[in-house]
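Listed below are the structures to be examined.
Same chain, two partners: chain A is paired with chain B first, then with chain C.
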Partner chain A sequence: MTVLATYVPRDSPVHRLPAGVKLTGLVLAGLGTVLLGRWWQSLLLLACVAGLYGVARLTWRCLAVQLRAVALLVAAIGVLQIVVAGWERAVVTCGNLLALVALAALVSLTTRTDDLIEVVVRGSGPLRRFGVEPERVGLLVSLGIRSVPVVARLAGEVRDAQLARGAATRPVAFLVPLVVRSLRHADRVGEALIARGVDD
Partner chain B sequence: MPVIQFDGVGHAYPTSAGGATTVLREVTVRLTEHRVGIIGGNGSGKSTFARMLNALVVPSTGRVTVDGLDTARDARAIRRRVGFCFTDPDAQIVMPTVQEDLAFSLRRHGLPKPEVARRVEAALELYGLAPYRSQPAHLLSGGQKQLLALAAVLITEPSLVVMDEPTTLLDLANARTVRDLVAGMEPQVVLVTHHLDLLDGFDRVLVFDAGRVVCDGAPVDATAHYRALVLP
Partner chain C sequence: MTESTDAAARSVTNTTTAIRPRSIALVAVFAALIAVAAIVPGIPVGSVGVPITLQTLAVMLTGLCLGPLRGGLAVLLYLVIGFVGFPVFSKGQSGLGVLAGPSAGYLVAFLLAAVVVGFAATRVVRRRPAVWAPLFFVAAMLTSIVFVHGLGVLGMVLNADLSLANAFKADLVFYPGDVIKNLVAASAAAAVHRAFPDLLARRPR
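On to the complex of A and B.
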């Protein structure tokens, strides 16, 4: 199991839902959280999302991995909220954040990328009149998803190379080679896309 | 087999200083064999030569044709016939999961969804990728990634497959898997490599040096020439 939420095949009602319905549900849930003002409402939302993981026949570990990725950030926000606005507000903010992150991950875990991209392509259809090619928008989304682990690997390699050479871990010394290697990778991907007929 | 024709082909890349670095000089060659190997030192021009077969690089001078199609004019038609396998599979795999990447290869063919699914399933079985069908590509081993990259090329049923150092990042076992796969390939193959044992059974091998073909013959003769060239 990795932090990056990618499709996990299961035979479940959540998996069978059309990608468009799931994405719309995610957007509505995001908008709906602004209506939640009580701490118990946020905890209830979080419990409902956790329940959806059960309906989707995904393990609790799966949910924990998704939440662990943002745990530090949410903890920091929580501490700040306690100091500034009190514990109830902190529970509302952190609960909503965790619920939305878990829900977004649930969409990724239960939907094939192909289906997600199809929705993106359909949704971008009206932009065609402004010169936007919906297929390219879909391709951009898939490339974005695919690039996350690649850039993470490149970052690991840069860090390891610096540690091996005893270099100090200054941000600039880390970022410059990472950006250069990422751009080189982007060049190679562009060449591979042409070779695979994306220009057709 | 497709006929590959290079007529007086030269190529130079512009440099940041405003000059140009010549990587190919007056290459004239006609390739009709089933398996053709390309060897040479770093910077000898072999990768540029390979890229010209897929119209990824268009010659500065001269003319390259594949099956009578000019790479400078008919790039799209050529890419439908010529598959290209890169050294680094991570650059070539563009979709998050194995089966999605195989399906991506067929998108330009305008096939109905059930037919795409059938072909993908057949490819997964054929190349031993079925156990990893829904697995994220980044979790595959180096050998599995290269196998996926190769399968993504072969699923389009190209008449020519160009491979640019496909075993450079692989261990011995995975390199052998790729070698066996190449040996059983139906389409014409042009393979650029530093692993000379991959060329066993090839019909013809070209040796590049400083942008020129300095030897053209059977694998035994060509590899002997190459060894003498780089290890005098």
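On to the complex of A and C.
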């Protein structure tokens, strides 16, 4: 399993929505939650998002996995809110937070990487007047995404090498070889880019 | 070991015409480094038991290694990758939704922190190597107190409905971990600059 294997192919209306629409919806939802002040509104929002998972033909497990990652954080905030501001406020804060996390996850579960990068390229079009090339932004984003599994693998290699030597896992002794290996990898990527004519 | 390190160091930065694609590669790889650091589960620290993520450590290291421009770009790229929906934020979060969450302030602060500490690093590497690690540590510590904690507290006040005093208390638990992380980042960055002396010497284009 790769680190960023998130896209789950399905044939659903949510999958067919253009990536730009989904991202815009996510931004609007993020801004919109500020307006939700009642506890039942937050629960309704949460139910709507759960419904979208159904529409996208994703299993409940998909949703549960996404929410489990933030469960501890949300629980901590919830307890704090109950003590400080009462249970209604706690439901609003935690409900909105869970709904937004689930919604953001829904976008990445239903949208192909290439489509998301395409949105970034189009979105950075207006930056052209500041000397930013949208194509270069797209290149950066796709290179960055593809580098994540590479760096994760390098980290694994460094850790294995340490364990093989029986060396204690001191953070510095782990980080320095990792950064050195990452720099060498960047060097090779840079050469590959030049070889492909990304040089002006 | 030394020989291959030197060869790698020379090839990272030797030709002026090749700096731009190499900068792109450096920025992409360091953005990935931050992402990996954020994905790895936090480690409990000493007797305090506060789990810390390696995310802030990676951000400081990025700034110290790459300088203000490329370091800042690497953090920005990491944020963009997370915003468009990849689960590269801590605890596997992603999307613009995090900007509504309690840790939003910290994420924005990372960008500023990398730029500020990167600027300090460009000054520090002009001095003799013996003082690199301590000066890196001072720069990283000042940056995290002013920017990371300042904006982090602000984010919790705005997004988690905490009062200023409560947010400050919630933020205090990160301090012991920060001292350790900045110590590690400073000595690691010093070692990296010793291995790649040209990393910051030339102005990035």
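Methods note: the second predicted complex is superposed on the first by the 133 of 200 C-alpha atoms of A that agree within 3 Å, B and C clash if a C-alpha of one lies under 4 Å from a C-alpha of the other, contacts with A are read in each partner's own complex, and residues count from 1 in each chain.
Here is the rule we use: a residue touches a chain if its C-beta (ideal position, glycine included) is under 8 Å from a C-beta of that chain, and two chains touch if they have at least 3 such contacts.
Here the structure is a predicted model, which means the values were calculated and not measured.
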| item | value |
| --- | --- |
| Chain A residues touched by each partner, larger count belonging to chain B or chain C | C |
| Touching partner for A:Pro9 - first (chain B), second (chain C), both, neither | first |
| Contacts of A:His185 with chain B and chain C, given as first, second, both or neither | both |
| Which of chain B and chain C A:Leu193 touches, first, second, both or neither | both |
| First (chain B), second (chain C), both or neither touched by A:Leu100 | second |
| Which superposed partner A:Gln41 touches (first chain B, second chain C, both, neither) | neither |
| First, second, both or neither for A:Gln162, with chain B first and chain C second | neither |
| Partner chain(s) touched by A:Leu143 [first = chain B, second = chain C, both, neither] | both |
| Intersection of the chain A residues that touch chain B with those that touch chain C | 4, 6, 139, 143, 145-146, 150, 185, 189, 193-194, 198-200 |
| Residues on chain B engaged by chain A in the complex (per definition of touch) | 54, 56, 75-76, 79-80, 83-84, 86, 88, 90-97, 100, 103-105, 108, 134, 136-139, 152, 156 |
| Partner chain B, residues of chain A touching it in the complex | 2, 4, 6-9, 112-114, 139, 142-143, 145-146, 149-150, 153, 185, 188-189, 191-200 |
| Chain A-touching residues of chain C, taken from the complex the two chains share | 5, 8, 11-12, 17-18, 20-22, 24-33, 35-36, 39-40, 57, 61, 65, 73, 77-78, 80-81, 84-88, 91-102, 160-163, 166, 170, 184-185, 187-188, 191-192, 195-196, 199 |
| Residues on chain A engaged by chain C in the complex (per definition of touch) | 3-4, 6, 23, 26-27, 29-30, 33-34, 66, 69-70, 72-73, 77, 80-81, 84-85, 89, 93, 96-97, 100-101, 103-105, 107-108, 111, 116-117, 119-120, 136, 139-141, 143-148, 150-152, 155, 171-172, 175-176, 178-180, 182-187, 189-190, 193-194, 198-200 |
